[in-house]
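Shared between the two complexes below is subunit A, which has subunit B as its partner in the first and subunit C in the second.
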Partner chain A sequence: MAGISSGLATNYIYACTRMRVRRSRLIPREDYLRMLNMSLPEITRFIGDTYYRSEIDELATSFSGINLVEVALSWNLAKEYQKILELMPGELKYFTASYLRRWDIQNVVTILRGKMQKMQLGKIKEVLVPAGRLDKVTLDRLLTEESPERVVEALRGEQIYPILERELPGAMETGSFARLENELYKSYYAQLIADAQAGIKGGKMFQKYILLEIDIRNIQNLFRLRAGHVREDVRELMIPGGSFPVEELQQFLVLEDRDEFIDALKKQVDALPLLNALEAIRGKERLREIEVALIRVQLDQMERMSKRYPFSVLPVLVYLEEKKYEVANLRALARGKEANLPGERLRDYLVM
Partner chain B sequence: MALRDIKPTRSELIALKRRIKLSERGYNILKMKRDGLILEFFKVLQQAKESQGVLMERYTHAMEMIALAETVEGAIGVKAAAFSAAEIPAISVGSKNIMGVVVPEIEASSVRKSVLDRGYAMLGTSAVIDEAAEAFEDLLEAVIEAAEIETTMKRLLDEIESTKRRVNALEFKVIPELTEARDFIKMRLDEMEREELFRLKKIKARSA
Partner chain C sequence: MVDVGMTLEMVEASQMGMKAIGAALAVGLTGLASGIAEMTVGSAAVGATAENRDVFGLVLLLTVIPETIVIFGLVVALLLLF
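Up next, the complex of A and B:
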């Protein structure tokens, strides 16, 4: 059992087994395919018959239709993540909490944007997912703050505060939170690497996953930038710390030919599934298809790694990621049905 | 022009003949202009049909892409990305001349933007936002083109209508009236000449 404190071994086995059981309860691919042919009320009823029942029942008096589905899914995700955090022993809890901080970034940026656009508090609250360190109470408190500046001030002492304090004036001046958001995510990954390298047992496995995620995210962004014909200096937009140095990613971007670009990427990649995915991407034109293919590789790789290290943080991370995509898929299905999008079209946008 | 108001004089006849000649020349020119404008209109009509088709196609695509973006990123995510746009497209309206008709020439800048200039965060969004933004940039281009073509078509139609009215007025009102007046003066002058000749003959007969 690599990377586990001996005294906590039983707890680790228990926690990781619980994760595996929870994973087996996730909605399978066949059900998504069935849902593609259902109407929105049918999807709501289907979701209501699964482990989302309590949220659907609880919220049915306040919401209906698509809003009911969206809010119920977000509540369930947040609840599930918080339950998992409670369940985790020792270092697993440390790494899981560290990993879930990305939700803090998402929530804080949503609140800042909502405040900037003077949106109704209820509307902002509907899309918050209190799955990170900032719980429901803290997020509610942030929502009641008058201005983005006050929101940032209320976050003094949090890990993200220095970045927010540094970037907010620029964001307020330009009206764009792009740089602020990019910097927050970059610092998030830097912090994850630092946590993994802090000498805590199990850090090595955690770092392996972080590197995989950074690589996939950087490759996705390279495809996006190439599709947008960007050949400028984009080192600022790349997440440092992955297998590819940022300078190398910049060099990939300036390659004119798409095949040449994919070949160059393939030369630097060792993992066979990623190599296969890159080869399959060669024939794909649509960005979302490329993105979904890479997410699929990421999930497959995570699963392989979690099998190699069954009692590490990896089974937990696999479950967290798959749960995230389950919620995203259900939301996409519900929203897509509401917008009368054909099932065939929606299928491309699901991570199955 | 009532015939009783016309002075049956030789100078009036000359003036009328000049006016008839001028009206006929104007009539021919206006008729040619009307035909030219109609030809031009049919060309623009074809372009308008094509641009309407493109506009509808791009509109459908853009609406589908925004719906898909909302399915993946949620309504707030899409709205946040849209509000991030730092540079708003600028439109300048010039003009060009088609057979004397002044039509607009619309030029737009910053419609198509690179991913970096759109203002949203690369690390906080997914590719669906790029696809939706691109679809709306395409749509905006089509809207601008359609606006230019449709305004051109409208102006051409107005001009054809007014030219047609002028041609008809010349053909059925001005030229016939002038011709009638000319004929009337000619007849009066002939009559006056005959009267004069008869008077002279009478005087000659009395004096002889």
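Up next, the complex of A and C:
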């Protein structure tokens, strides 16, 4: 990767400090607890007093109620991620761009699903988050394409194109994009690992994050599959490249007893926080509670790693991840309030 | 190392030269050290100010703290020379 400047340590310090300051401005736990007791207009006003103000003000004339909150959050997230990508120097930009490609997958799959269901263009556009490599203009162009096949054809030359081309006929036939989505995410993680191992300075730290992410995602998927009573071959659904080989994950799944399953998982895990979380999960029944506990462990572990390597890509990734969950939390709060869900129920959905 | 063939003036001049080299090293090395320290603090300070302008006064103060290293060097140099 000769095209990437090695950059001075000062660039890292500058960028990482900016990320830490931004992270300190994220909505704290107490505010979420306060918002649990608010109504939707109150939440909108509360969000409008924070750094979401410009989006809320800008969109208030076109949207109202829950749509205003949703679109404002998406716009803010996309704007924030694009701004961060702009200010990252050298290798950090390369790794950040690599991480942000997941939004391309989300956007493309959303467009394909929308096209398949013959949704209105405006409706599809509302849920897109142009935070990855494909910017607003490219996504708008994709939206105007007539059919899913044309959308895929327009993506020729992109990294995701070969998989889209291979999987689309099957998806169109079955009417389900699940397999296509799985394959896209699997290739995304494989590409992340390849980027981390490309010999660029700081790649080792990036790889540590990827390993953690894949492990947590695989464990989450195992719990989900168990909750759905799936016992067949799930090797295709697991992400390869983590600390557990895919075969081992399959063996975990066939264990009938839940405690036995957790014990087997614990035997393979080294990190103490994850061990503690798995022990705490033993007492939890609801799937969402388990998922939130695992996400919390991942964020805590990333935070710990970012302190060990303070001037690496890790502080940037911690901020990007926490921002993603902040937006998800606010969206869950707004949607929950709209559906008149009680506060205690909503609380389970928040990553605080 | 005093050569038996050296005169008193030559010895004094040599001593003066050594002092000058010592003083130069004291100022020069500490100058480099504070430069490196300020580079680190400075880039973090610029990053913090870019995000929040209110901290400008505070980070300016933090940025000049490594300056004390070179001042110590200067004091040692002055003591050596005078």
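Basically, the second predicted complex is superposed on the first by the 345 of 352 C-alpha atoms of A that agree within 3 Å, B and C clash if a C-alpha of one lies under 4 Å from a C-alpha of the other, contacts with A are read in each partner's own complex, and residues count from 1 in each chain.
Throughout what follows, a residue touches a chain if its C-beta (ideal position, glycine included) is under 8 Å from a C-beta of that chain, and two chains touch if they have at least 3 such contacts.
Source: prediction; values computed, not measured.
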item: Superposition on subunit A - do subunit B and subunit C clash or fit; value: fit
item: Subunit B versus subunit C as contact partner of A:21, first or second or both or neither; value: second
item: Touch count on subunit A, higher of subunit B and subunit C; value: B
item: Partner chain(s) touched by A:204 [first = subunit B, second = subunit C, both, neither]; value: neither
item: Touched partner set for A:304, first subunit B, second subunit C, both or neither; value: neither
item: Contacts of A:13 with subunit B and subunit C, given as first, second, both or neither; value: second
item: Spatial angle subunit C-subunit A-subunit B, Cα centroids [nearest 10 degrees]; value: 160
item: Which superposed partner A:234 touches (first subunit B, second subunit C, both, neither); value: first
item: Closest Cα approach, subunit C to subunit B, once both complexes are overlaid on chain A (Å); value: 30
item: Of all residues in subunit A, those that touch subunit C in their complex; value: 9-11, 13-18, 21-22
item: For the subunit B and subunit A complex, residues of the former touching the latter; value: 64, 67-68, 70-72, 74-77, 79-80, 83-86, 114-116, 119-124, 126-128, 130-131, 134
item: In the complex, subunit C residues that touch subunit A; value: 39-40, 42-44, 46-48, 50-52
item: Of all residues in subunit A, those that touch subunit B in their complex; value: 70, 105-106, 109-110, 113-114, 116-117, 119, 123-124, 127, 174-182, 185-186, 217, 220-221, 223-225, 227-230, 232, 234, 237, 239, 286-288, 290-291, 328, 331-333, 335-336, 339, 341, 345-346, 349
